[in-house]
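You will see chain A twice below: alongside chain B first, and alongside chain C after that.
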Partner chain A sequence: MLSEPEIRTNLRAWVRRKSAADLGADFGDGTPLFEGGLLRSIHVPELVLVLERLRGAPIDVEALAPCDFQDVDTMIGRFFA
Partner chain B sequence: MTGLADLTRIGLRWQPSGRAGFTGPLLALADDLDETFRSLAARWNAAEERHPAALPADLLDRLGYLESFPQQATFPVGLAPVEDDLGHRVAADGSVVLTRQAPVTEVLTPAACYHLYAAHEGETLTGPLYLTTRNTCFRQERRCEPLRRQRSFTMREIVCLGAEAETAAFLSQARQWADDLARLMGLPVSWAPATDPFFRPRTSPGYLMQRLQPSKHELLYADGLALGSVNLHRTHFGEAFGITRDGAPVSSACVAFGLERWMYAVADRHGADPANWPAREAAA
Partner chain C sequence: MTQIRETSDRLCRLSRRSYQNPYEQVDWPEALDPEAEWFTSAECSSLYGTPAWDRLDEPGRRRLAFHEAAGFYSLNIHGEKLLMQGLSARLYRKDLADLTGYLHHMLDEENKHSVYFGGFCTRYARVYPSRQLSFGGTRPRDVEDLLFFTKTLIFEEIVDRHNQVQARDRRLHPLARFINDNHHREEARHLVFGREVVRDMWRSGASRWSEDVIADVRAEAAAFVTACWREYYNPDVYADAELGAPWALAETAWSAPAQRERRRAYSAGCLDFLTGAGVLTEEPSDAF
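Presenting the complex of A and B:
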């Protein structure tokens, strides 16, 4: 199991790879991912797989709720607590 | 009430394939309901449009429909235009044994509003655009029930294309007016967030985004039957069809009414005697 800082680093790196936006130094764990236009709906299935790999457990997509993927901080609290 | 025998007595002509025809009181009710929905559309000065029964398959593919809902798509199929191949016969179970098929290039209308976005492709809007249309819609349902779930049914839609704030205001107003309409007709209803029946939902971006950012709410009759829905598409159709406003893809939203389901709700709530049904004038 990765440590929380390692998980955060992995998630930020994945967002940087996938985002069409030019993410500068102000991109952080509280930056809105979808509202901010960094990610689009096409990215969601892969994001689910990334989260499952990082936490080593499946995610019940039927239990997903609005704002679960709001930002990195939210995902850490929702899927790694 | 609302068993098949009762419904048949007041005008239902049910085909076991999952399709309904109407005569007498039920036909009059269908016309009255649609006129009522049109009167709602008139509140936005929505322009009426009429479109054909099918859409080009490549157009629906652009929208991701065939990837998201392949299990519901219904295709018009013809025989290959070769004289030797035009023979066919009907088997004992009622199925047609086809010879060689012509290429399938169309999909029977799955939702009435798709035609509207396609019809306005490439347009530049200077203000909100309100449209309304009605069409017979086709979906491959596994289990059918008269008026409640059919393989072909009638959908009246009202659509707003515009700025994000305009589509949000449209949906808010549509919900209120649909509520008022149901109340005036004596139908107990409630609203609930909903997701569309995506194929392989776990890997469907559309389904997952509907979970994360609810964009569809259904108007539910007392027993949970969805009489209609309001849907926020954001810029999905604006982007797909190049419809712009101030240089950017427009947002869109729609309110959809399933005519047969409203007919079911009226007959279920008020009984089989048309004299007890709410008057259209009251609702209008």
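Presenting the complex of A and C:
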């Protein structure tokens, strides 16, 4: 199991890879991902796979809502607490 | 629209001629032996050509192929659920009146396909969950229409390549061959319709839309190609096939050169069409 800082680093790196936006230094763990247009809802299945891989356990998507993916901080609280 | 109406009328006649009852077409076997027979063509496996495939013995490869069949049928079920929602939402819309007759057939046929896919999964395996989550759309209706039919086309074209290969594969269990062959025969009509609609909607929309809207459509379509393919690398399938570290395996398989090549080859027809029509201007960078 990765440490929380490592998980955050992984998630930020993935968002940077996927986002078409030019993410500057102000991109952080509280930056809105979907609302801010960095990611598209079409990215969710891949994001869920990344989250599952990082935590080593499946996620029941039927129990989720868009707000669970608001930003890196939210995902840490929702999937790694 | 005249050409679409003619195509729609012709496809309606063909659909009526091949109308079928999915509850009478198949004698479902009492049980299947996943390690004794093939249910997915080896070449269609998401691990084919990777070190993980090389490490498997023959029964292990067939076991994986069985669960991959259930995974393939499951992603079809989830894709068809979204498709049926989109089709039913567009029935009897005044501006799409020329399409309504064929939308009825498509809706009917997609539902029947899911009866076959669900019949296999619920009898012999399971329906794997989808990882899709809808955030709702905020785009103008004509843009949503184009994206709906474009995504449908991408999804169906990739599925159809798998269907064609497996319908011809004499190694496969007759049930798997039937499901793939039947789906291919029906989808051939849907693909003709889809290409016609996408070409028409793009032609009329792109001349009116701003550069930003066009860029958004292109980015969404490109991302959807990647999203479609990602579903073929399913950690749940690998876990059921008794393979360790399923998420890492999915990632390794996705990046394997043989799999990149397979995705590119299976997507070529679809991407040629979308590029030729103008919807895409380049190959989706992270799909291959």
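Criterion: the second predicted complex is superposed on the first by the 80 of 81 C-alpha atoms of A that agree within 3 Å, B and C clash if a C-alpha of one lies under 4 Å from a C-alpha of the other, contacts with A are read in each partner's own complex, and residues count from 1 in each chain.
Following the convention adopted for this analysis, contacts are C-beta pairs under 8 Å (C-beta built on N, C-alpha and C of every residue); 3 or more make two chains touch, one makes a residue touch a chain.
Quick caveat, the model's predicted, so the values are computed rather than measured.
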Most chain A residues touched (candidates chain B, chain C)
C
Is A:34 touching the first partner chain B, the second partner chain C, both, or neither of them?
both
May I ask you to decide whether A:20 touches chain B, chain C, both, or neither, giving the answer as first, second, both or neither?
second
Given the touch rule stated above, what does A:44 touch, chain B (first), chain C (second), both, or neither?
both
With both complexes overlaid on chain A, does A:53 touch chain B (first), chain C (second), both or neither?
second
Please indicate which partner A:76 is in contact with in the superposed arrangement: first for chain B, second for chain C, both, or neither.
neither
May I ask you to decide whether A:67 touches chain B, chain C, both, or neither, giving the answer as first, second, both or neither?
first
Residues on chain A touched by both chain B and chain C 34, 41-45, 48, 61-62, 64-66, 69
Per the contact definition, I'd like the list of chain B residues that touch chain A in the complex.
201-209, 211-214
Considering the complex alone, what residue numbers of chain A touch chain B?
34, 41-45, 48, 61-62, 64-69
Chain C contact footprint on chain A (complex, rising order):
17-18, 20, 34, 40-46, 48-49, 52-53, 56, 58-62, 64-66, 69
Which residues, counting only chain C, touch chain A once they are in their complex?
129-135, 219-220, 223-224, 226-227, 230-231, 235-236, 247-248, 250-251, 286
